[in-house]
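Two complexes come next, and they have one chain in common, chain A, joined by chain B in the first and chain C in the second.
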Partner chain A sequence: MWVYEKKLQYPVRVSQCNPTLAKYLIEQYGGADGELAAALRYLNQRYTLPDKVTGLLTDIGTEEFAHLEMIATMVYKLTKDATPEQLKEAGLGDHYADHDRALFYHNAAGNPFTATYIQAKGDPIADLYEDIAAEEKARATYQWLIDISDDPDINDGLKFLREREVVHSQRFREAVELIKEYNEQKNFF
Partner chain B sequence: MEPYPYTVNPFVHQDRFWYPFVSPFDPCPPIRAKRYVVPPNQFLGFQPPNLLQFPPAQALMKGTLWPALFSPYKKTGKVEIKDP
Partner chain C sequence: MNKDYYRMLGELQAIDFVILELNLYLDTHPDDPQARQQYDEYSRVRKQLKERFEDAFGPLNNYGASPTFGNWSSSPWPWQV
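Let's look at the complex of A and B:
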């Protein structure tokens, strides 16, 4: 079970109404390397990985939901008072037709989220290497979002999220080192 | 080609550049140096104990407690690029 704290992991400030930026940010909401995919991937894999790393996957998977919440807040703030006309100009006319200003789990191109974005192979090395790759891809996505955004307040939050990806990747690399050890096995051959 | 004229520390100097072929027939003005970032998690290995820490308030803003794991990112275009 979880305990919810009604606050964001990092303050989300937005400089200006900018629905175009929201359209790009949604990549980290419902995209292949987004926070939802990350959270679901780790929280699902943890059952069948060695129990040494279960806690790590729980912690990181939980934090990904905190990141998801930050992205959602950014998208919401960027669009909440935009007129349908502005949304149309930002390329969100299709989104408005289906969802009004509601958030939805799709990527920047509008493709809906799918479970095929994630994998659970059951092999500890394979799964942890996928997790490392996912963190690096999410880090790269944040870099491209920072490059494309001219909102200094949003970029501040994105830089925080990018740094967290770097730390998560480090922890998964340490998890690989942990499971490479012989554990409680008898140490003679 | 000497992109770093000083001692290189991968925990500090995280930008890498490569220089793609530039054709006289390229339609767009060439970007001569392409940048990518190699974050410090590539070099740290299993994190050793007692690493230097940021003060707590600063760590909360930076996203990590340890300077050794901090990876700043500058927008592409705001990075000083050295031609080979």
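Let's look at the complex of A and C:
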């Protein structure tokens, strides 16, 4: 069960209408290392991983949905006042033809989201290492987005999200250590 | 939205960040009594801040997790402010 909270995790401000930047940011909405992939990955893996890490997967998975909402807010605010002509110039003509200004789960290049971006192996070490890698890839993506963005207000939100990837990666590394301790204990039997 | 809205929202977002960090830390360090104490303390403060915010601007949660339905299904939604 989830209860929605009518607020963002962190404020999202936008300097001006900028559909070109929105096109890049959509990578973290429906891309391979984006927030949707992250949320679905952790909230799916948690059912079969050891109880020791279920809480962490639940909480980080839930936080990823808060990040997804932040990215959606950025894209929405950057495109809501754009004319079809401006969207076309920004390379979003194809998007406009199918979706108008609605958001959709695809990456910056327009490839639709696919469950093949994520995995659930049922092996705790394999799954947690994938999770650590996912966080590091998302951190790198946020860095590239900050580097390519010319909007200081957007960059403030992107820097917050980049830091969250670092914290999540650290927590998953601790989860790996907890699993190792658990596995070693079992060997005594 | 007026200045008070953004100020009180900012206070909530700030304390929620503290609680979230303590929460994730406790997920992997459940036996740290100091972190547990901090979690409890900030949760109490959070409850007061939420009540003050909701008295002024309406419910933050659905499904009975806020005291009233109030203006729940009215704008502004988070992406509109």
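In this text, the second predicted complex is superposed on the first by the 181 of 189 C-alpha atoms of A that agree within 3 Å, B and C clash if a C-alpha of one lies under 4 Å from a C-alpha of the other, contacts with A are read in each partner's own complex, and residues count from 1 in each chain.
Basically, a contact is a pair of C-beta atoms (placed from the backbone, for glycine too) under 8 Å apart; a residue touches a chain by one contact, two chains touch by 3 or more.
Since we're looking at a predicted model, the values are computed, not measured.
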Partner chain in contact with A:166 - chain B first, chain C second, else both or neither: first
Touching partner for A:127 - first (chain B), second (chain C), both, neither: neither
Partner chain(s) touched by A:73 [first = chain B, second = chain C, both, neither]: second
A:174 touches, of chain B and chain C: first, second, both or neither? both
Chain B versus chain C as contact partner of A:139, first or second or both or neither: first
More chain A residues in contact - chain B or chain C: C
Partner chain in contact with A:147 - chain B first, chain C second, else both or neither: first
On chain A, the residue positions that both chain B and chain C contact, one per complex: 10, 167, 174
Chain B residues within the chain A interface of the complex: 37, 39-41, 44-47, 60-64, 69-73, 75-77
Chain A residues within the chain C interface of the complex: 3-12, 53, 55-56, 59-60, 63, 69, 72-73, 76-77, 167-168, 171, 174-175, 178
In the complex, chain C residues that touch chain A: 6, 9-10, 12-13, 16-17, 20-21, 23-25, 27-29, 59-63, 65, 72, 77-79
Chain A - residues contacting chain B, complex: 10, 139, 142-143, 146-147, 155, 159-164, 166-167, 169-170, 173-174, 177
